[in-house]
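So that you can tell them apart, the chains are marked A, B, C and D in the order they are listed, and the count of residues begins at 1 in each.
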C-alpha cells in the first residue's frame, strides 16, 4: 500500500485524488491546502488528514506526494519533497523560470527520487495510439508534425498576467507533444502572434493567437497553432506526416449522433472542457505514477521533459519579441 | 463509327444523347419523339435527324437504339428494334407487366440481338467499387445485405397512378442491387408499407414508405427500405455484411467542407437530384453499351436482370396485398 | 445513505458493484452468490458481508437489491424482494417466459415497490442523445427505425441452448430500443433468420443471423438485424428517419486516430466487448436507480418495458417458426 | 460564338480544349504547338487548324487565346496576344521573374484586354464553397488560415531545376489561396524547409519539404505546408479559423466505400492525380472565362493575383535563403 500526500485540493488536485481513491493499493493520507476549511471537508470524504507541508514531509512512512498547487509553489515543493525522499508527481510546469527549473532538477537528481510530470496529453487514448503507431514505423521517417490547440474561451486577463505568457502557459503542452513526436530535438524556433480575441490579454502583455514553426537538425519541420478562443469547443488535434504516410488524431466528440437535416449533416460537438476531454488521460497518468512506484517502471514524462518544453517556450517568446528566428 | 437512334428526347434521353456526343466513335443519327418541335431543336444541336420509329428502324445501316421514352412504350420498341436487328439499350423497366416482359425477351432471344438495360446504380463509382471488393472475397461469404433508398420528394400523384406502384417503380432498382450483391436469388419476399408522406399517393392506390425483407435458399438475408421523401437529400446507401467483415457505400456529398460551429460540425448536404447523384454512372453505363457494341464484351445488365427485378417487385406487391410471405 | 444487497457477483454484478462503490451515498451491505469463496473475496474488497437471500431480505433496514444473477433466478428474486419491500434493480430479462413475467410483475404491483430494469442501451450517451433530439421534434414524425446489432463472436452452443433463442436473448435489447423510439407499439412482427455463423447454434435449435420487420398501427416501420458474429467489433447502430430528417447513432471507436496509407485511410476499430462499449451506460443506469431511490424520480425502464420487449421477442420467434406475420 | 486559339496542346492544353469543345458557344479555331504532328492530329479531332502564333494573332476575327504552353513562353504570348487585342486565359504562372510579370501586366493594361489566370483551386467545389461560406460571415472575422498541399510523388530533378523552386512552382497555388482567404495582404513571410524526399532535388538547388508562416498587418496568421511526396495521394486541404468558428475543406475520396475489417475501417483513397482531383475545377474555370467574354462579368483571378502570389513566393524563397523573416 502506497501512501500519498496531496498538495493543493483545487480542481486539478481533486481529479488526482479521485483517481487515487479508485485504486485499492494507494492511500490518500494527507491533504495540504491554504484553504483549510475546504481542505478539511475534502480530506474527510477521502479519510485523509489535513496537515502542513512540514508535517506531511516529516512522516517518514509517507511514500509519495502529488503536487497540484499553484505553479509558483511547484519548484519549492518538489525540492522539499525530494529532500524528504518522497516520490513526486507534479502538475506541469515545474516553474516558469528556467533557472528555477534547473535548480529544482539538480535537487531531484542529488536526492535520487522519482519525479513524474503531468503532461496529461501523452496519456490521451488517441495521442498515445498515434505515438504507438508512429513508433511501430507505420508511416516511416517523420517529416512534418502539425499540432492544433485551441481553448474554447480565453482565461481572465488576471490569470494571463501571471501565466508566463501563451507559450509557457498553453503552448508548453504542444512543445511537449512536438518533442515526443519528432525524432530529434528542435534547433530553430520561429514564433509570430497577435492579440485578436481579447484586448485585455494584450494589455496584460500577452498574445492570444499564435503560430510557431520549428526545425530539427535533420530537417524535420513542426508547426503549432494556438488560439485562446474556439466557439466549437476545445480543439486538440495532431498530424504526423512521414515518408510512408500520415497519422492524424482528430477531436473527440460528445457522442456519435449525426443529424441529417435540410442544411447538411450535423455531427456532435467537440467537448468544451479540458477536464472532460482528458478525464481518462488524467486517470491513466496517475495510474502510471502508482505503477512506477509499485512496480519500478520508468515514467513516460520526466523532469527533463518539463525542462525542455520550457526551453522551447522561452525560445518562442524570444522569437516573438525579436521578430527573428531563435537557435537553440 | 456506331450509329444510334434515340427514342425519347426527354430528360433521361438527353443525358444519354450528351454521353453519346462526348464520344468520337458514335454518331447520333436519329431522334424520335412525340414532341416534334422539341425533338427538332434537340436533334439540330447534335446534327441528328428527326424521324419516325418506322423510318429509323428501316435504315439498315443503323447499328443501335437507345430507348428513353415513357415506360409503356419500352417493350414495343424493344421488340420492333430487335426484329429490325438493332442492338438495344433500354432504360429500366422493360415493362410493368411480367407477361409483356417475357414476350419481349422472347423476341430479343429469337432475333439474337444485344439488349442492355439501364440499371444505372451498377455503374455508380461507389456501388461498383463495393461490388468489386465483395467479389474479391474481402468480406468473405455474404450473410446480410441492407439497402436504403429514399427520394428527396414524392412524385406527383398523377405519376404515381401510372407508375405500377413503389415496388415496380422505385424499389425495382434496389431489387436489382440485391440480386447483384447476394450470392444467390431470393426465394422468399415479405413486404410491409404505409402511406405517411402524401395522402394523394394513398388515394392513387400506392404506398410511400416501404420495407422489404428477402431470404435466399442458402439463408442470406436482405433488407430494403424506401421512402418517397427525405428532406436531407437523395439517400442511397448499401451495406453488405459478410463472414469476414462489412462493406458500406455511404452517400455522396455536395462538397467536402465542414463547418465547426457552436452546435457541432456541419457536413455538406447529400445531392438532391438523381441525375446529379448518378451523372457519372449514366456516362459509364452508356460508354459500356458502346464498348460492348464495338468490342464485343458482355453488358453488366441483361434483359433477364430486368425481368428478375420485376419478379421480386411483383412478389413484394403481392406480399403487401396479402400480408403474407411470398415464395418465388 | 442507501443500503444495497447484490445478488450475483459475476461479471455484470461486479460492474454494478463498482458503480455503487463510486458513490458516497450508497453502501454495498450484502453480497449473495452461489460461489461462496469468490463472493467472500469480492465482498471483502467492498467492506460488504456475504449472506443468503433469506438473511439479506430479512434485514429490515436494507433499502434495495441489485439482481445480477443468472436469468432463471430473476423472477423469483424479484418476487421475494418485492414481498420484503425492497426497491429492485434487475438485469434484463425478467424471465424468458411471459407467464412468469406477468406473475412476477403482479407481485411487484401488489407490493408497490420500485422495479427498474437494466436495458443498458437507453443510457448510452449516443442513443440517449438521439432520443432526446427525437423527442425535441428535430426530425418531425417518426416514419422508420432501423436498428443494427451484431456481436463480435458467437456465444458457446451450451449458452445458446439455455438462452431462450436469439430473439429473447439478444434482439430483446433491440425490441426495447424499437419501442422506445417508435411513437407507438408495434402491432405486426415478421421474422426471418438463418444459421450461417456456427452450425452448433443450429443444432442447439437456434439461429445466428436474423432480420425482423415490425409495423405499428399508425404505419411506422421498424427493421432490426442481428448477427452473432462481426469480425470488425461490436456493431451497435440506430437510424431514425422522420418527416423532417434523420438521426443516426454510429458506432463508437477505440480512438480518433486515422492512418493515411497507400490503400486508403484506416479509422480505428469499433470496441469488441459490450462492457467496454457500454461502461458509461452501466454507470449512468445504476446512478439513475440510486437517484430514483433518493430523490423519488421515475426510472427510465420499468418492469412493463421488460414485459413488452419479451412480447415482441415471442412474436418474432413465433413468426420464424410459422413463416407468417404475427399480429399482436 | 466565341473563337479561340489554343497555345500548347500538351496535357493541360488538351484539358482546356475538351472543356471548350463541351460548349455550344465556343469554337476552337486554331491550335499552336511546337510538336506539329501531335498538334495536327489533335486539331483534327476538334475541327481546328494548326498554325503559327503569328497567323493566329493576325486573324482579326479571333476573340480569345488560351495559353497552356511551357511557363517560359507565357509572358511573351500574353504580351503579343494583348497587343493583338485578344482576350487571354493563361495557365499559372505569368512568369517566374517578377520583373517580367510587371512588364507583361503593363502591356495588358495598356492594351486594355481581359487577362484571366488559371489558379484552378479557386474553382474547386469545396474551396469555392468554403470561400462562399466565409464571405457570408459564417465564422466571423478570419484569425488563422492553414493550408496543406502535398504532391503524391516528387517531380523529376530535371523539372525541378527549371521550376523556379518549390515556392514559385508549387506553393504559389497556396499563396494564392492564402491571399484569397485572408481578409488582407500578408506583410511578413517566414519560410523553413528541408530536402527529405529526394536528394536529387537538393542537388538541383531546391527543397522538397517546406513550411511557411505569414502575418497580415491586422494580425491574421497563415500557415502553409508543402511536401513533394505523399504516399496516400494528392493531399489538398484548407482550414479557416475565425472568431465564430472554423471552416475546413477536406480531401476528396475516390469513392464512398468503407471496409469494416478486423483492423478498423478503411475509407477509400484520396485521388493521386491533380487532373482527377481538379477535373471539375478546370471545367468551371474555363467556363467562367467564356462567360466573362460573352456576358461581360469579372474573372475570379486577375493578372494582379498572379503577380501577388509570386511576390509571396519570392519572399518565402528569400526567407529560406537568409533564415530571417521577410517584410513585404
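Assume a contact is a pair of C-beta atoms (placed from the backbone, for glycine too) under 8 Å apart; a residue touches a chain by one contact, two chains touch by 3 or more.
As the structure is a computational prediction, the values presented were derived from the model and not from experiment.
Set against the Cα centre of chain D, the chain with the most distant centre is C. Here B-D and C-D are compared, and the pair linked by more C-beta contacts is B-D.
Separating the CA-averaged centres of chain B and chain D is a span of 39 Å. Once the centre of each chain is set as its mean CA position, chain C and chain D turn out to be 58 Å apart. Among the residues of chain A, those in touch with two or more other chains are 230-232, 235, 244-246, 260-262, 268.
Residues of chain C that touch chain D in their complex: 230-233, 235, 260-270. Looking at the complex, you find that chain C touches chain A at residues 22, 24, 45, 125-126, 129-130, 133, 138-139, 244-252, 254-262, 268.
Against chain B, in their complex, chain C makes its touches with residues 141, 143-144, 146, 148, 150, 188, 190, 192-197, 209-211, 213, 215, 218-221, 223, 225, 227, 229-232, 235, 241, 243-246, 323-325.
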